[in-house]
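Take a look at these structures.
Consider the two complexes below, in which chain A is the common component and chain B and chain C are the respective partners.
Then we have the complex of A and B:
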């Protein structure tokens, strides 16, 4: 496929980057037949400049850089309809996540909400800080007031180390 | 013989007690024992976009931790946690690179990929423990409701491409019918609430939630019923914003599935955490 050129951007396929993007995927893009079933069911269809089957097609052909910097990968609702519908066991959902991973590790983009979650995760081992429950009148209740047992939460030191190593290696 | 561990997840621990209270109460009434898995930690779902390996590590670590404490199965009432467990298992079975990285991450805690608890969700648990007939026998107050069931992406598509979702939906409908609840199809039933889009596109996420609420209203069904805390957040807690995103005013009562089951089992609404629902649940006569 190395003879291809994207006539819109004059880009050449980047096979090494493609290999990295799809290395972990259980259901990578190579089996795609471009039937378009993913796109026909896509929740975020109206938001996407590049439709799911186009994202898969570009990735399959090795035009990955454009996808990594595309806004479309951040508009995906992660609803899994594409993966459910694909007759070829391709998961555009997984591919989009992998492209997001690459964009973040390149420093191209990191949504603010995700940054907050990561901070909380490192601090507490949970994505959201444990807090009191507030009822519809605005009254706050602790767990014991509701008859709920106290629960230990958090990640062990070893798990936190392992997590940081995995995140650092990205 | 160790029984069943339960992994609640971050949303429950950060204040969404309606799910926890109602699951505990319903299972107690049905005579199903659960033991809290400790310590509870993140299932990895919120960091999928950041790093696939790390998010699968967190999900599988829950299964490994639970197995190391002797549990064969772990109940995951949160659909996102349940999906993360199943998806990570799928990824693991297909990618040598991933299993190598996770084995290595597990080694410092003495955990192993060879010993993982099996994740189960609430529908499977209730179906297996008492089944539709057993449930019917315990009903104190047949509900006589027609509801807009919102199965949600992570329940319906926990194992994409396998047809598992439709099988689970059929079981769920049998359970609902046992408590006097009909859950007919309505346009948009299988659609997404926008929960996962909230992280990156809040405006679009609210439009999706609003469209869902509008669809439920227009189908003249009694209330929306959800399984997942992320859906509950979008459709119940953020209902006002979601409605205004689509120019609607009419509120829709939103109940968790275990709250609905609990009402039918004759459990006091206060014990099912209904005061923590923001949507107009008082419109339902079964709640009063």
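Then we have the complex of A and C:
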């Protein structure tokens, strides 16, 4: 049997899964020059067990299963600095989104905070439920009091599917 | 000119902040202007600039100077240029003394500015003391033959020989192997354009062989070199081929019939050759050669040769040639990676060097260009290429081989192309330095083709019973310890100077650098010349180079040699020993100590013995001057009076 083995986990590359995960990316992890600039500027550096360059290089070598189940892909702040600054235009951010999609389609558990957002999204079509505005005296105002029209909430099945498709989910 | 009372001008250079940032130049000028014999002392930010040079010329005219002291950088930088300034100011160029207040002062003593200033003053005082005693030197024009010797027939030697020949210089092109072509002839394709190496090299080989101004001497080596007149007398040994070059048609019948097989050097031991052989199909000259060590003298070749070219009685021939210039173009050697302790015990035909892989890739190679796993002839599905094997390694070659990274990228691309997209190609690297034009793009192309680049240098390499090689490498980019099972492992082995370069350098009396490659006269300004006149260097004998760099370097060496040879003469060396015949006793001690055979004691008509110096051979070392009991023999402007005047100042 030829090929790679990760001697710590005895994992083997999963080339088919790698291909599926990088299919949507403009420039895949293969183009990475291993400079580490993505990690140098990472907003979520302190939170991440796996740093952006490690995620990219693991994906490059086909070690994607561990990435899909990694907590780190959910800790990314999606600030886009890595995508903006990569000298090779490899976007760790996009790779992370693609890994998240894979995690969700596999039905893996996702962090609670994100699940709340997801639920809100499905219920209302918005990432966050509307909140009241508060002035300096601490008085709260609803939309109505501010003369704003009522929000259309709820998402049609059709719209939900369109949104899912747009996000690359199934 | 230059006689009578000394009127010395001292010119102090700031060299920007290189000197003035440490040394108190103003104080230095005030002190120096009080020195005996100094009539003018000025400082200027850049004395080597055009206005700086003009300043010297003006001062010479204004103050009637007859000696000049420049306090600036090392004389090895700009002494020659300042001599020309003196010449254009109407002074003899050798009435100049340079005080090195940069390399000897401001740079090493940057942390002690006061002491540096004191030392600079002392150096200037010494220079002034010597300048007072300098004598003008007139140089003679010594004729040189418009002929050159090029040693080494690789791409460097071929390029240099062709450039010289085109300029009208007669060239002896000497190659120790039976064919010219060198390493480039062994390569399959060249990076980054992937054009076929033989396709671009072969026509140049033929052109060199056919050029009316080039005499090709293959299977030949330089035996002796001696300076004579303005040039050299060289003895070349033409080794016995046991095949008459002018009769052999290169038909190959003899090769076919020869019963003796030995590993082919050209194919790096991956295939056989016969005891009589033509090294490769495009060999120039396409003439067979008998390998004396392995030939059993069965005579089959002689029987089948229709041209009657076989001559077992042929002996080495010696040619004596006179040339004005020598270009060394002896290239490099690929080191033996198994000399490294971690690889030494590994015995597997499936671990090969990059040069062996070139032979596997080449359509004229032992497999006809088919990539195989040497142990069983099967097509490899997984290949690991390891860079920096023996390079950047204090145990082997501390220097970078410069071409390894690009070779790795090229071979990875070619392997992917030959073995198909399913084959896994891994490149394990320390750093990947693809620094030339088009090479970064080439590296990007390799990455886009799915070649896996791993930032890490393998340590454990293990041969499995089935012939598979297990490579363990720590990948710095993921923090993973990886194991790769490979069918083929390619080692990008470091480059070394050829084994016989040291001997050749000794024959030519030119120095080697700390890496044992030839040392150039100046690392930036004279990269293709040796420090001694008339000797030039082309290509990797001066340090690892790729083909583009080698060709540029070779053309530069040829241009330098041509500009010297086409003038038709060289100027005699200024700093050579001269004998004051009146005080010479003819004792012969100088002759004894001279390492260059430049001194001979001769008998005059009167019967008196006197030492004579051969100006062409004297290197101005001064050993004779030290040995002479009467002070009769001295190196011009470096005699006891000049040196002692400096010592007197220094020891005050």
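The rule is short, and it goes like this: the second predicted complex is superposed on the first by the 135 of 170 C-alpha atoms of A that agree within 3 Å, B and C clash if a C-alpha of one lies under 4 Å from a C-alpha of the other, contacts with A are read in each partner's own complex, and residues count from 1 in each chain.
In this section, a contact is a pair of C-beta atoms (placed from the backbone, for glycine too) under 8 Å apart; a residue touches a chain by one contact, two chains touch by 3 or more.
Here the structure is a predicted model, which means the values were calculated and not measured.
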item	value
Partner chain in contact with A:39 - chain B first, chain C second, else both or neither	neither
Contacts of A:63 with chain B and chain C, given as first, second, both or neither	second
Which superposed partner A:72 touches (first chain B, second chain C, both, neither)	neither
Chain B versus chain C as contact partner of A:31, first or second or both or neither	second
Chain A residues touched by each partner, larger count belonging to chain B or chain C	B
First, second, both or neither for A:104, with chain B first and chain C second	first
For the chain B and chain A complex, residues of the former touching the latter	8, 10-11, 13-17, 20-21, 24, 36, 38-42, 45-54, 57-58, 61, 90-91, 93-95, 97-98, 101, 104-106, 108-109, 153-154, 156-157, 160-161, 165, 190-192, 194, 196-201, 204-205, 208, 273, 275-278
Contact set on chain A toward chain C in their complex	1-8, 30-32, 34, 36, 53-54, 57-58, 60-61, 63, 88
Contacting residues of chain A [partner chain B, same complex]	23-27, 43-44, 47, 74-81, 83-84, 86, 89, 91, 93-94, 97-98, 100-101, 104-105, 110-111, 113-114, 117-118, 121, 125-137, 141, 143, 146, 148-149, 151-156, 158-159, 161-163, 165-167, 169-170
Residue ranges of chain C in contact with chain A within the complex	381-382, 424, 426, 444, 447-448, 450, 452-455, 468, 472, 475-487
